[in-house]
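In what follows, chain A forms one complex with chain B and a second complex with chain C.
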Partner chain A sequence: MKPASTLSSAFLTPGGQSLPQPLLDLRAQRGTALADMPLPTRKTENWKYSSRHLKLSEELASALPTSGKCGPALAVPGYHVVFHNGVIVPEACELPDQSGITIQPFAELDDSLAAELAERLDNTLDAEAAQLARLNSARFEDGLYIRLAPDAVLDQPLFIISQTDASCSGSAYPRLYVDAGRHSQLTLVEEYISSGDQPALVNAVSEFTLAEGAQVTSVRLSAEGENVQHVGATGVRQQAHSRFDSHCVGFGGPMRRHDLQVRLEQSGANCRLNGVVVTQGQQHYDNHTVIEHVAPHCDSEETYRNIAAGQSHAVFNGRIHIHQDAQKSNANMSNKNLLLSTGAEIDTKPELEIYADDVKCAHGATIGQLDKQSIFYLVSRGVSRHEANTLLTMAFINELVQQIPVESVRETTQIRLNQFFETTFEEA
Partner chain B sequence: MANTDRQVNELIKREYEHGFVTDIEADTFEPGLNEDVIRRLSAIKNEPEFMLEWRLKAYRRWLEMDEPDWAHVDFPKVDYNAISYYSAPKKKEDMPQSLDEVDPELLKTYEKLGIPLHERAKLAGVAVDAVFDSVSVATTFKEPLEKAGVIFCPISEAVQKYPELVQKYLGSVVPVGDNYFAALNSAVFSDGSFVYIPKGVRCPLELSTYFRINAANTGQFERTLIVADDDSYVSYLEGCTAPMRDENQLHAAVVELVVLENAQIKYSTVQNWYPGDENGKGGIYNFVTKRAACIGNNSKVSWTQVETGSAITWKYPSCVLRGDNSVGEFYSVALTHNYQQADTGTKMIHLGKNTSSTIISKGISAGRSSNAYRGLVKFGPGAEAARNFTQCDSLLIGDRCAAHTFPYIESQNKTAIVEHEATTSKVSDEQMFLCRQRGIDAEQAVSMIVNGFCKEVFKELPMEFAVEAGKLLEVSLEGSVG
Partner chain C sequence: MLSIKNLHASVEGKEILKGINLEINPGEVHAIMGPNGSGKSTLSQVLAGNEAYEVTSGEVLFNGENLLDKETEERAREGIFLAFQYPVEIPGVSNLQFLRTAVNAKRKHLGEPEMNAAEFMKLAREVSKQVDLNPDFLKRGVNEGFSGGEKKRNEIMQALLLQPKLAILDETDSGLDIDALKVASDGVNALRSADRAILMVTHYQRLLNHIVPDHVHVLAGGRIIKSGGRELALELEEKGYGWLGIKDEDDAPVAG
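Let's look at the complex of A and B:
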């Protein structure tokens, strides 16, 4: 057997040194640990379907330059933080002025807080499952630290706009850490967009820890350009009676990957994970989710829908892991896929790993096409074929789109979906 | 609860009924594997040159391969050089021509197992090609089969008598380099069954083979090849028990089914090898490659299995649906208890148009066992209007057991439809209450509920197997309530 190729050492040289010392130390330590990391291949279970899309060429190794300015003005209502190539642009941000809510760039943290953070970073993500999240830890140049004091409630959604300016090739490593205190509430929107047309890599990591009774709603929209590879990971740890709501919307690209790992660590914690993925042309999108029921009496509900057209490739891998002590767990997973063309491919793997007996777990997965009879029904009533296809496809995912709690994201999603329908059904 | 606990403890103490060792002098190779061993093996069996070449090719491929470790099982590494690769009952020069000549010790063994080998066989309507360790020693029911033109014989005999058929089909479904254990089997397989059903023939009997592992430290490497020519039909039964042993015994079998135009094969297995004692000591390693190729149009393969034995079961009976309109079915009940581990499931590979497949898998784990379903459903670009339905349910009995589901679903054709569903639950308190309230004891109630859980699969089994399977489940589940 020929040796597996390893991560180029060029990837392990971080840029920007303007972080507090404890974080610089953490970064260096993660970098050392990654030396000679074998790159995923088709034989790497976790990357079975996606390794061929991942291209970590040398030109992507250097950090994208950060000019400290952001691109075109953003018409985002309410609170927002802007990352430009992985570094926060303070002047473009609008932050809430509320007691009990701390929102700070990593670069501005004082040493003691930075030391505490350095201890906690990466704790929510399994190193093996989200291998490339460690690369973010070795490379991040900035990050956003959010802490909600007990009972603090953010009155409006906080938008985190992560802009990648790919006017030259390179990579960016935005980072987010949310510490939600007891009974606090937060709605957070992560939006990933890009400009420029050079090949680029975005490696984004977000981590959430939810204390007892905390409620966090996370919306994640991945909509970068065709030149940008995106590898993202989100890690969540939940304590008693906390709730985590996740809505991921993903549009395909040359390489798109999102790892979502949730650990329900104390009784009564529950999570709901929704996801919509749309791919066309030569695009690719891979969602990997893991829900760990560590404690008894936890609930999880997961619904993912994929639509693949053209020659695209959509992947879903969902794992529910019920630990031995997690009796009385309820876990449901549903993954439905719509394959719109024969050139496209959908791979799905809904897994259950169960070590407790008094549980209710179920998963369902389907792959199919639009129902011919439904199309006929519509067409026979004078609806154009294009319209009929659009209607039925929209109906397939609308349930999830409508659940997105932030209106502006729903609108953006709808616009992108309309573009998708336009190009997909026109050619058909 | 105390009452049930006591019952449980009593029942747990019950030992494996089929655990005994027959004392027969065996002609056995010294442990170890190299090209020389394969040459000797081939020479003993008086094989033609092509077989030796084939074995050596497999052996060379095997040397280059790494032992797979992806399955959800845990066991100490097997030392392949500590295994003896050949063991035959003595007096092989004068093989018995009829049952009278068979070593009475052997017959006694079969009797203890309740195998209907002589007259009982006829009454039961079963032709038995019994494999005792490595060489087939007795074959019955040759005549009615011969009349129909069906070939049913040990594969070693087929190599001599029908070399052209063997050469054409052996390894055509599972190539020598397919996987680690298949390569090992191809290199050293000792014996097994060969079935050929000629064009247009419906096999008049249900064919059956009982396997038995006997001499200590001998790996058993069966090779089964069934070819159903155009418009033919055969139902094949495979069942096994093994004597109690403390060392783990490796079993790496290969089963190949070739199904041509309009033909149908029904392959049923009841596997009840020694699962190890209540502490997880001993037991058989069952690493099997089973695959069917539906080459012709309108062909059909149906795998039915009831797996209750073996310390470790690692097998995926698969169907390659190449012919248009071909059908693949997989019905499985896998029960694990104590420290047993099972990683089993199926692969349905749809290549032809209008192909369809059904997967019904029922996993039951009790004690400290681990039971995984791992399956692949794949639609190639040419699988127009292909269809799959998968249902895998797990039942957990006891809070220290584990049940897993790892389904892989891959689709490259938009007209193909796949549906997969899986559930995991335990025997519910309500169900138990209902039964107990009506005077049914806990043990019986569980057995009843489990039987109901598996009903969909049992109804696919041939009659006599279905009865056996129900019984087997009952015995295997004893001591699991609590």
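Let's look at the complex of A and C:
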């Protein structure tokens, strides 16, 4: 048997050294640990459908240049932090000036805070389920550390714009850590975009810890170009009565993967995970979610919708794990899928693992096509086929789009969706 | 206005229409009656352009042009309207959005300016009252959670909005109680005009008490076997389809 391949040494060689020592140490340690990690193949269960799309060629190993010009000024209203190829651009940021809210680039942390953070990084993510999140820990050159003191409430959403400038080939490793104190509240928007047309890899990791009663809304928009592979992970740990709301919107690419892992660790914690993915052409998108019901009396509600056109491929793998002590858990998972062409493929796998005996747990997965009767009904009123297809496809995801609590993200999403409809449903 | 000549059509390889001939002039109201399975709904679907039905021979001219060559949406924009027997529920698409898209598609086709959201809302509210539908229906998904009667009234409302040249009503009376039948019929009667024709397809006679036809045709086995005036419907009511030597699969009385 051919030995499993591992990451080349070039991939394990981090760039930029301008981080506090404890974080440099962590990075080196993770790099060493990764040297023997076999890369996922199609025999790796949770990479079954995606391993062949992941192309970690040598040209991607080097970090994308972080100096040089930042992209065009972004017209982002309100608070925002800009990552350029994985490194924060301080002059492009606008931060809140509110007591109890501290937002700092990793590079600016003092050694004691950095040591504290180094202890916590990766603690929200299961290394086996999200192997490549560890690559980020071996490579990040900067990151954003957000701390909310107890009762602190950020008064408007904070946008994290992560732009990848792929004028040359290489990779970027944006990192985020959110520590939400007791009863604090935060809405955070992560937008992943790119410019340039050279092959690039974005390996982004975001972590959230929610103390008792904290409420965090996370919006994640993945919309990089056709030359960019994106392998991202989000880890969440929740204490009593905290609430985590997630809205993920993903547009396909050559390789797109998002692992979302939520641990409900104390009773009364609850989460809602919404996801919308659209793919076309030869694109690929893979969502892997894990909800760990560790404590009793926690609720989770998960709704993901995939739409695949052309020859594209979408994957949803949703795991709910109800631990033995997690009595009175309430877990709902729905995954509906829409195939817009005969060449498209969607693979969906709900995985329920239940060890408690007094729980409510429901899941449903469907795959279908646009309903011919509905199309006929619409066109029999003079509506064009293009418009009928668009209306029906939008109807499939509209509810989830409308639930995104940030208007500008809803607008951006709609604009991108309109482009998708425009190219998918060409006028006959 | 509409001229059907020797029309044959089949669905899934089975021939349903076996040579239909029919002439409809502007201002006329025609009723096609027949037992279940006679081909009534097939005729409506073929005229509206449902691709599930294949026309195997024959010709249909609409205002002198070959109707069968035109796409479904084009037929609609040029004035064909089909009120469905079973209107489709489309959750997630609001009635208002759907109706405005339809009205504007037609206006654009006719070279008229499109209506903006406010103008359309005003018009739609007025028309919804005409068929006794609460304007709140406009905000809901197309036919989503509507009762049978509400769906049928929504169909008539669409006809009133789109002002077709030929309105085809497929079993518009089925599933309606007496009051709803009255409202729907009033809506249809409001459509009657010298330059518009109406083709009603029905199993029962009762609709014809409210919308009085100029011509009645009996369809059986995919052919029109008898045509006459209003009195033909009354005669059918009295004697049943058996009178014409037709077996009604339902064995139901013709009067509703």
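Methods note: the second predicted complex is superposed on the first by the 424 of 428 C-alpha atoms of A that agree within 3 Å, B and C clash if a C-alpha of one lies under 4 Å from a C-alpha of the other, contacts with A are read in each partner's own complex, and residues count from 1 in each chain.
In this section, a contact is a pair of C-beta atoms (placed from the backbone, for glycine too) under 8 Å apart; a residue touches a chain by one contact, two chains touch by 3 or more.
Predicted model only: the values in this text are computed from it and were never measured.
Placing chain B and chain C on a common chain A by superposition gives a fit, with no clash between them.
Touch criterion met: A:S341 reaches chain B, while chain C stays clear of it. Judged by the number of chain A residues each one touches, B leads among chain B and chain C.
Shared-chain residue A:M37: touches no atom of chain B or chain C. Legend: residue contacts after superposition of the two complexes on their common chain; A:L95 is shown touching neither chain B nor chain C.
Look at A:T366: by the touch rule set out above, it reaches chain B but stays clear of chain C. Once the two complexes are overlaid on the shared chain, A:A149 sits clear of chain B and of chain C alike. In the superposition on chain A, A:L113 makes contact with neither chain B nor chain C.
Between chain B and chain C the least C-alpha distance in the superposed model amounts to 14 Å. Within chain A, not a single residue is touched by chain B in the first complex and by chain C in the second. Residues 66, 70, 379, 381, 394, 396-426 of chain B touch chain A in their complex. Contact residues of chain A toward chain C in the complex are 371-374, 376-385, 387, 391-392, 394-396, 398-399.
Here chain C touches chain A in the complex through residues 48-52, 71-73, 75-77, 81-82, 84, 87-88, 90-93, 97-99, 101-102, 105-106, 109, 141-142, 158, 162, going by the rule given at the top. Chain A meets chain B in the complex at residues 1, 45, 324, 327, 337, 339-369.
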